[in-house]
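Two complexes come next, and they have one chain in common, subunit A, joined by subunit B in the first and subunit C in the second.
Right, the complex of A and B next:
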């Protein structure tokens, strides 16, 4: 067994599309940029490309570092690299920052070429469908006729489903992790509370805060703190933090008494410094909207009829954001259509976040699946 | 079977205590008021008194109306009244607004007799222990030597446990509903997000907003929306709301698209108009702090040794805020001490909120328990 290596220094590229994109809302993006990164080498037959779709707060920077000074590598560095489960000695891996993002693709923070100002609130609402359409434009520009695989967790998993539905002949394998075919009322509720906390922050200024040089940090930190609770399982919170106090005794004030409070406040503060509020609310909207079967489980089987790719579906036992039952809905609709699907329910304590972690059984399954893919 | 009747018009009373109350924080409330209501008649032997402890947003107004124009009766009107499960033909029922509340008892909104201004941020943090000590002062002032029962749901259930622990000889029956012996890290997390949304609202003004004639409504509505998600079960949200849209089609904007969003926003707005933010953050702190066994399940059995009262413990299957497992911790610690305890796990879809509802099996159990109490 050859030992895992890191990717090293990577450089993002820009795909500038001059072909208008008609969005699901009916609006049209006349031109748009997608920032992306690639790892590994595209084979001569162009058959080894794997697209990685990102979740709520992810981006195109999957693995490696942009400079040797970078403190952290890309967000899925534990999965992607030489001899890693998604082995870049073998695969050509592509990461894209989705439209509406704030890391270099066209989005609220980027410049509207027409007005020469930031898009701000004028950047349209984008959907999973829009993203996949723009992904396809980039993949086509790279002269890749068919992807070996598309992989994604959470909101990324929804994009994988959409790839298989919209471009059934352009994808061989779909890998859907910790995802669901749509959001439940509870999922939507958590998103709406997060959005309301951002939108009602006086510094949000209806989304046009870049010129004022403010950020709705108060709202964004509340949104992140709340999100964080839903990413972790009750059990992992209990075993990591429980009722551990910051000080020896209660202080009886409104500062943080418990370690879990400090942790959440720290995560909220950190996120509010780094992430763009307009992007955050758009990503949650994309989650809410995605619903290929229009809310009907029976419809899902009908809709899945057009799928041609093979599937690997993975869920985590302690994930209460997208529980294993939601993954099973996907598996059921695939089986109803005699589609080749493998399903793994991983025993994990870390909740929804497990999909980002280097859990041995989880990574072993992915490694084995990718090994057999080509 | 005699038919249920309503209480009719009730009038709150004020208990003015001039005896200083030493709080758990070490601070001293030199004098304080408790607003309370009573229903039914105290027997000559004073043996038929039942104290009802309220939860996060409750108060002393349990049943009946303050005037014939009142739109709604007290918050537990479905339980308390002539021929209702807690029958006021038989029992003398007492409701108290807890210290720190904003409905007439001493709290942040009330006047600090020393400064002649609202207490505001200066009103101390109060705990379940402090509340029970103040309850006992009121009960003593009513010349009641021993309560037939103390009943409460959620945070109210914690007060019942504390009554049984602190005044074991002054309580015959303890009825603990949808409660827990302490909060988990996840419970504390939700409370902290709610508090942070209030505290970081610019209108909070460090808790001194009464004089400025503002209310941190933005923060309070977020806190309530979030709270609401945790009071309902995933299932009941799904069956009541699911992915039902407000309009026929998506609008692709940041207004509410789904009925569940409208519902939560409505609940948040309504609450922010009615409830006091300083009270809200204090009530959540009392929840966080209560932990008679200092976080140890084994300790709970030791601590419960001093209990003399009988117990009825009730939980609801779909309650994920205080799940049946948490109630079973209480039952286990009681059984370890050979304390007479009855336990009922009610199949209910409505989550934590079930304890406020007129669920037939739930009310039948309470009715039967109260019938045998005297």
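Right, the complex of A and C next:
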């Protein structure tokens, strides 16, 4: 067996679309850019392309490094590369930063070509549907008639479902991981708390903070801390941190004392430095809005009638934000339509975050599935 | 410990005989997917398998089976009434807890139900019992301390269950190794195969 290798240095590319995109909100993006990266080589028959959709805080940079100085590789480097489960010796892998993002695609931070200023609050609210429409424009520009597969976890999984619904003839395999057909009230609640913490930060300035050279860091870090708690399971927090203290004794003040507090603060600070607040509130909105069946489980089966692709659905036992039961709703709607589907429920302690981890069974499943795909 | 379930595949042709060409089949406890694969080749079936065990689930996936990792002890809520031509429970019933419930669920989901199980009334098992040890055989390879089997039954027991639940037995075949057993099947038969419908 050949050993796993890393992808090395990669360079992003820009897709500039001059064709207006009609958004779900009714607004129109006259022109837009999408930043993307590709790994591996597109076959002559163009049949080996796999699109990877990113979740809330991801981007187009899936694997490899932009320079040898980069501390960390792309966010799904453990999955994608030569001889890795999504093997770039076989597949042509594509990562796109979604519209509204802040890593090079058109979004609040990018320049509005009309005003020559950053979009800020004026950048429209975009949805999963809008993203998939823009993905399809990019895929078409690469002369790929049909994707071998589309894969994504969490919010990325919703985009995979949308791909299968909107472009049934352009996708062979849909891999939906730790996802749901829509968000529950509890899930929307977490997103709303996150948004409120950002929006009510005085530095947010209604979303127009770029010219003031500020970032609503207080809001962002609280949003991230809250998110982080929900991505982990009670068990994994207990085993990693428990009630461990930073110092020996209680200090009877309000500085961080427990290790979990210090961990959450660290994660919050790190995130507030790296991530854009306008993007964060838009990504959570896209999550909240996605609901292809308008809230009805019965209707999901009707909506899924259009689907032509085969499905692999994966959930994780300790994931309480996108629980296995939610994945089973997707499976049920597929079964009702006699669609080819494989479903795995993976025993994992790390909660929703498990979909990003290199859990052996999880990766063995993906490897086997990709092996049979071409 | 490995399940021996698929070491003995002489029951496959009999099951295939009961399955019509192009049927839609659900195999509960499909293991490594061999039976579904066999039925695909012999009867051009479509369908799904359910397997709880992760290793066997992966074997099924590698064969291209539509395999679902759900627990059938909770019933079959993912499946609509009469949504399958055939639902199969092959050499799995003895390890189920909610035996009656799952049989009812199978008959709700499938128009036809095939159940196979090792006959605990088989003479070799009876002799071992008389000799004072828990029976072990080709069909029941486990020791008492590591067996997954909790609801072993005899052919007579299963007939009684069908009667009390009004399951209609369309066909019944009893085998020892590859041979059909016609006389004293509950004594001389090692494996029982039932083809049922809801009355």
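The working rule: the second predicted complex is superposed on the first by the 374 of 374 C-alpha atoms of A that agree within 3 Å, B and C clash if a C-alpha of one lies under 4 Å from a C-alpha of the other, contacts with A are read in each partner's own complex, and residues count from 1 in each chain.
Please note the rule applied: contacts are C-beta pairs under 8 Å (C-beta built on N, C-alpha and C of every residue); 3 or more make two chains touch, one makes a residue touch a chain.
Fair warning: this is a prediction, and the values are worked out from it, not measured in the lab.
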Looking at the overlay, what does A:372 touch: subunit B (first), subunit C (second), both, or neither?
-> second
Touching A:213 in the superposition: subunit B (first), subunit C (second), both, neither?
-> neither
Across subunit A, the partner (subunit B or subunit C) reaching more residues is B
Under the touch definition given earlier, write down the residues of subunit B that touch subunit A in their complex.
-> 24-27, 124-125, 127, 182-186, 188-190, 192-193, 195-197, 199-202, 218, 221-222, 225-226, 228-229, 232, 234, 237-238, 240-243, 250, 252-254, 256-258, 260-261, 264-265, 268, 281, 285, 288-289, 291, 295
What residues on subunit C touch subunit A, complex-wise?
-> 24, 46, 48, 54, 57-58, 61-62, 64-70, 77-80, 83
Which of the residues in subunit A come into contact with subunit C in the complex?
-> 328, 331-332, 335-336, 338, 340-347, 361, 364-365, 368-369, 372
